[in-house]
Amino acid sequence: MALLNSLRMPRDCDESFIRQVETKSRQQISKCYQCGNCSASCAYTYVYDYPVNQIMRLIQLGQKEVVLRSRSIWLCADCQACTTRCPCNIDIARVMETLRFLSVEEGTVSIKDIQLFYDEFLNSVKTFGRVFETGLLATYNLKAKKLFTDIDLAPKVLKKGKLPIIPHRIRGRKKVSDIFKRFEDYRNKKILD
Amino acid sequence: MEDKTKTLQREFLKVFEKLEVVLGWEPGYDSLHATPSFIRQAKDLNKLVWNPLCSQNLCTYLVKTLNASVRKDDKKIGICVKGCDSRSLVALIQEKFITRETFYIVGIPCEGTVDWRRLMRIEPSLKDVQKVDIQGNELEVETAQKTYRFPLQQVLEQRCLHCRYPNPIIYDCLIGEPITPHIGDDQAYGDIEKIEQYSLPDRLKFWEKELDRCIRCYACRNACPLCVCRDSCIAETRTPKWLSQRCDLKEKFFYHMIHAIHLAGRCTECGECERVCPMEIPVTLIKKKLNQIVKDLLDYEAGIDPQKQPPLLTFDPGEKGI
Amino acid sequence: MNQTEKRIAYYPGCSVTGTAVEFDQSTRALCTALGIELVEIPDWNCCGSTPAHSYDPLLGAALAGRNLALAEEMGFHVVMTPCPSCLKALKGALREYEEKQHAFLNILQMPFSGQIRAISVLQLLYEDIGPETIREQIRYRLTNKVVVPYYGCLLSRPPEFARFDDPENPISMDELLQAMGASVPEFPYKTECCGAAYGVTQNHIVGKMTGRILDMARRLGAAAVAVACPLCQQNLDLRQSQVNRYWHTTFQMPVVYITQLLGFALGIDPKKLGIDKLFVSADDLFKETSEPLENQTESTSA
Amino acid sequence: MRIGVFICKCGTNIAATVDTEAVARKALEYPDVVYATDYMYTCSEPGQDEIQQAIEEHDLQGVVVAACSPRMHEVTFRRAVEKAGLNRYMFEQANIREHCSWISKDTEANTRKAIDLVRMSVEKLRFNHPLFSSQVPINKRVLVIGGGISGIQAALDCAEGGLDVVMVERESTIGGKMAKLDKTFPTIDCSACILGPKMVDVAQHENIHLYAYSEIESVSGYMGNFKVDIRKKATYVDWDACTGCGLCTEKCPAKKSFDGFNEGLDTTTAINISFPQAIPKRAKIDPKYCWYLTKEKCKICQKICPVDAIRFDMKDETVVEEVGAIIVATGFDLVDHSVYGEYGGGHYPDVITGLQFERLVSASGPYEGHIIRPSDGKEPKNIVFIACVGSRDPSIGRPYCSGICCMYIAKQAILARDHIPDSNCYVFYIDIRAPGKNYEEFVRRAQEDYGVQYIRGRVGKIYPQGEHLIVQGIDTLLGIQVEVEADLVVLATGVAASVGAKELAEKLRISYDEYGFYMESHPKLRPVETNTAGVFLAGVCQGPKDIPASVAQGSAAAAKTQILFSRDTIETDPQIAKVNERMCIGCGKCIDVCPFGSIQWKTLRDGSQKAEVLDTVCQGCGLCNATCPPKAIQLQHCTDDQILAEIEVLCAGERHG
Amino acid sequence: MVNSKEESTTKKDLLIVGFLCNWCSYGGADTAGVCRFNQPTDLRIIRIPCTGRMDPLFVVKALIYGADGVLVSGCHPKDCHYNEGNFYARRRLEVLKQFLPFMGIHTDRFRYSWVSSSEGRLWQQVVTEFSETIHGLGPNPGVHGESDAKAGMSFYT
């Protein structure tokens, strides 16, 4: 959690960040008047470093660094409670999602495990076309050095025959990996909007 | 086609007791024309015809000639309408000039009416016409000598080539089966797009050229079913004096702008203004452009929904995009 | 049933082919019994779920979009998926199509019109079949059984996106359960997040959230929790042992898919519904409640 | 026409950048202009004298002054020419100061512009006609719609000033929302004690005629002469006979009737009197619950009534009143909080509205002033107040602040702590708005002296757990969630426009905003007028406000009425629309668009329909003129010919350069 | 004087006709004047009670008969002194604005704006911008009778 001691305005306010978040999320951040309903409704406030309303406030003040390094944006489970109850009609979940995306882009992901899991997940999809749960869990636990997490559950799951040992490879997996490729091209602006 | 004429006559006969007058068409002064017919006696009903020569929009007579808003008894007015005509009827109802109940409406799905000027240009020797009929994509003209066939594209009125409403919107009785319009909403404004391809100065030149031919005969206005000002039309009044009687281009240009702006959001695209123009000025295009704007901007087409208010005679405080 | 499209496209999603296989089984069995033909989208791929979406909504959209395009190609107007997370991805694809059509189609490189609709199995059961039809068709009643419905986050939220049921107090599952004769108390945690998204990565969070939900269910005297989401189910069911360790509790709360309950009520063989795949056994529930309707009608007429 | 043109130098204000002499010289070339000059200060007395002299000497029939903005001195010059015997509308003013000399330093360009502006004025003047105002007598009676505190104040002020007042109240008693309140902030005055005497005054004042349990059916006419149809709803009791003894209410067996006065917290009898201090204190039957009216049995009230006042066959009745002014004081209703699913959507009995709490704590309420939970009658220990429920919430279409909630929950928390000293009160708030006299101090007292816990943040969810309600909120100052195990939750329900406000506005032809609050004529300078002359506003119907402001507005509306009635007649502005019947085609488009309903149909002897302008109602906007296809309706003093003349002279005139 | 002469020869006045509602924009123009906000001198203002009074044909008339630009300005929507006038006006004027180019008249020669009586600064901006636009477009070519009237009879053939 990055600490904020004092702000010197306007020097410390990154206006372009506010615009970036607004454009990408298609939400008007200045609509937020800090009622706190998002934080009151959020099931995760207690594990966040900044409650959602403070994330919104930090965006309003252009605190790019703090926001994109926060743990909160990665602990958000996208459960939509905030969006549903926001009196100002701000799709807050979408703002949080935008922040996750920006933090990946900026390389400031605070919770590496989550990104690791996401990366492994996407690798699995890229390779097989679908998620190979058994392989995904194994690789993830290996890489995250969490060898023993959920180890208690593994035998149960295997007993029920729920985790196949061999991945299902779809026929169109080439097509799926092409989507990834075209997406990367798009990101690198090879495909024009 | 014969049978539709018969059905038409029969349908009116059935209800004739309740009618004060029937507006239809009868054979005109030569074999290539039909002319409006006002029938007040049952025995005259057999004069009525229906064929592709029945161009006139009979709704034009409702307010101007029949003063249909004032009814003395409970007798109704019988009227024949094509698809386009019916929109004029609806528009007049929308503007409360007439009420629906006053009318017994016989609707006729229409495949198009003939532009005799175009026909004569293709076949100047045409005479002794006995029968005119639409067969598929062709117009069949039977004369004493031979039978001619013309592609419809070449001989129909301009309005018919871009017709999206061949079927009457309202009617009490429908003669024949509804027709599928042969043009989609996307192509409806194809003719105005042709002008929009010109540069701005060329458009001005185009209109200067076209409108300069105007002889200010006011036929376009007189034939318009929605031009209801009659003697009070500001093209002719002295107070206020919007136009002088000078016959210069500015005045002609302005006259046509008055006509068009007065019809903005009201014009039903029946094309009568253009059909009757002796100088063949494409004046309907001006109104169609306004219609297109009104449709895009205010999502409104005149003469479709009798409940709706013409959009320039009302407002919406919450309106976006203006 | 009159509104039902008898054939609809079916997108199972990765989790129901693995850890939630019983959801897939029961959904298929139930739909067959109700006369709905599910046509599995051939060679479907993973929708990308949260990881793809977090990476970039456009990537998620393209991955999910491929499945929609496949379904459109087969001439379907509706695609149903049992998994709310997949549903969100599919709807996300439709939103991106609306907002960034050009980029979306460029990445997807498949013909796509965006006219297809994505619904959940719950939406299908509630809107297209309806509690009334269920009530008419059931063979076994869940009489005197308290079942609490747990909807989770995504089935009805956010309202503009889900376009289904009430965001704060959804009632579709309540009504379906009532139609089966179950007693359904007002469950305040209906839409509270269970934390499933962090099942793998942050399972200490899950322990707390899941525990609250199970605790409330027990306070209300529930014999089972009914769910319509594979992630919620897995979280509440598989991780119940972890929860018990975390809270020092002894929960033995069956967490059952609504499709399993409905299938059972309609008289489908429990084996076909994958009841044996549940971690916390629900056998008692299905045994005890097996009160054939014939007996009931006899007893009431007697 | 003989026209004189006067160019003002305005000291150097104009002369510094406009060659006024050249302008005057040029003006002499215009048709009909027989005299032109420039002068140092045309608006000064000598300046005006010079105009008057010129009129006489040159036999002028019209005058153009080129000077400052007509918004400044049009009235001055009109008076000046009138004194010299001209009709005051035979005058035009060209604005060569604000629109010309002051906005550019280019003397040549300015002079050219001034010449054009004078030319336009001359052209316009050539089409001017003398116009005359007419005098219409005023009916000096006033209608007050709504019998809440604002309407009461307005009615009493009017009546005290000697006016005849007709008051119409929808409910069976006057008193409005204030009558339901227990105490009032910031003084903790007893509401009934300060309102009661005023209600009695209304009942007893000889100048006030009260129609309770009545509604406005229709309004026609215009300022000075309105005609109002009032529908007296059937009470099934002859109020002339009823003494309000209350015997019937004691014996009525239909005891499950909805008790609106107690906000549904209690039930009442089908024949009832709203509350003991009701004015008028008369019984009425609620036909939805009456056994006789629904099932044709019972009639106990009829049997027991000592004065034989029960009339089961009573029907609604319409009466007509004629008045010269209308004061609208229709008040408000609460926002329907059932839209908040997260707060139980109205299903939890112990989640109540602010107004329900007032009834709960009121000594005249169903629990005789004991604060208890509606669900089980137990005394609550933990009470939560949630601010901004239905206010500042664009997601339900109510972005505005209701203005009174911060104060009333502070008061209610104080009352709760007073009644139950060992209770805990929590107020979840977003911001505290206390901008009245002694208001901020009052809110501080709630916290400092009464120990009310203020928590800055909103509540996300309320759910029942056992006997309690779990209130899950946030303290945004700390950034942590706060859970309260509450026994009673009071929602500070916001203010919404009164049910039926829009329908009434249509009848009165006044405008309302998107929430249904009535629009004042000017938000600052004409706060109690509407754009419909003779209709005034008072109280919350115009926008959320507290009691002092409502009372002040009631008095203000009464004052406006008195001012209107201080004359015997109204002088009409002749710059209004006029129909040329010969040209009118009877299309009715002017009638459709007129924002003031000032055009009506007129049937000529030949049966044809023509438009006709009501001179006293027309405000002169000219919308009809722009709409009329044959231009048969012309706005006097701004006719088509006048505008066309101005355009023509500009376009056709020799262009400079 | 010499200076201003040069100015006026280098930058000739064009004719811009303004139609201003009495309650808002006319007052706004007054305010701009009172504040001495410098403005181009091409504008000639016609005072009307309300933009609802504005028949679009006044604009057309001015443009056909030689005005280089037409500016209509009134109260902001919802602030109309007569409640509704400008709601009608904005529909009618927007339709006209979109229509003009079809007849060969540049759409930028006509503008409508909403300026309240307190917005002197805004008024200055509107006038300056519009005047610049019109000077950019140059004099209105106008409608002239110099076309060849004997040209082909029908547009369609």
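Note that the chains take the letters A, B, C, D and E in the order they are written out, and that residue 1 is the start of every chain.
Rule of thumb we're sticking to: a contact is a pair of C-beta atoms (placed from the backbone, for glycine too) under 8 Å apart; a residue touches a chain by one contact, two chains touch by 3 or more.
None of the values given here were measured: they were computed from a predicted structure.
The set of chains touching chain A and also touching chain D is given as C. By the document's definition of touch, common neighbours of chain C and chain D comprise A. Note: the chain lying farthest from chain E is C, by mean C-alpha position. Set against one another, B-E and A-C show the most C-beta pairs in contact at A-C.
With centres taken as mean C-alpha coordinates, the chain found closest to the middle of all protein C-alpha atoms is D. Among the other chains, the CA centroid farthest from that of chain A is the one of B. Centres computed as Cα averages put chain B at a distance of 59 Å from chain C. Per-chain CA centroids place chain D at a distance of 36 Å from chain E. Here the spacing of chain A and chain B, counted between their Cα centres, is 62 Å. Touching of two or more other chains is recorded for residues 167-168 of chain C. Chain A has residues 81 in contact with two or more other chains. Shown for chain B are the residues in touch with two or more other chains, namely 242, 317.
Contacting chain pairs (ordered by label): A-C, A-D, B-D, B-E, C-D, D-E. Listed in rising order, the residues of chain D touching chain B in the complex are 514, 580, 583-589, 592-593, 607-609, 627, 629-632, 634, 639-641, 644. Of all the residues in chain D, the ones that touch chain A in their complex are 342, 388, 392-396, 430, 456-461, 472-476, 479-481. Every residue of chain E that touches chain B in the complex is listed here, in rising order: 56-57, 60-61, 64-65, 77-78, 84, 87-88, 90-92, 94-96, 98-99, 101-106, 141, 143-149, 151, 153-157. Per the touch definition, chain A reaches chain D in the complex via residues 31, 33-42, 45-46, 50-51, 53-54, 81, 85-89. Residues 1, 4-5, 7-9, 12-13, 15, 17, 22, 26-27, 29-30, 32-34, 36-41, 43-50, 52-55, 58, 61-62, 65-67, 81-85, 88, 92, 124 of chain E are the ones touching chain D in the complex.
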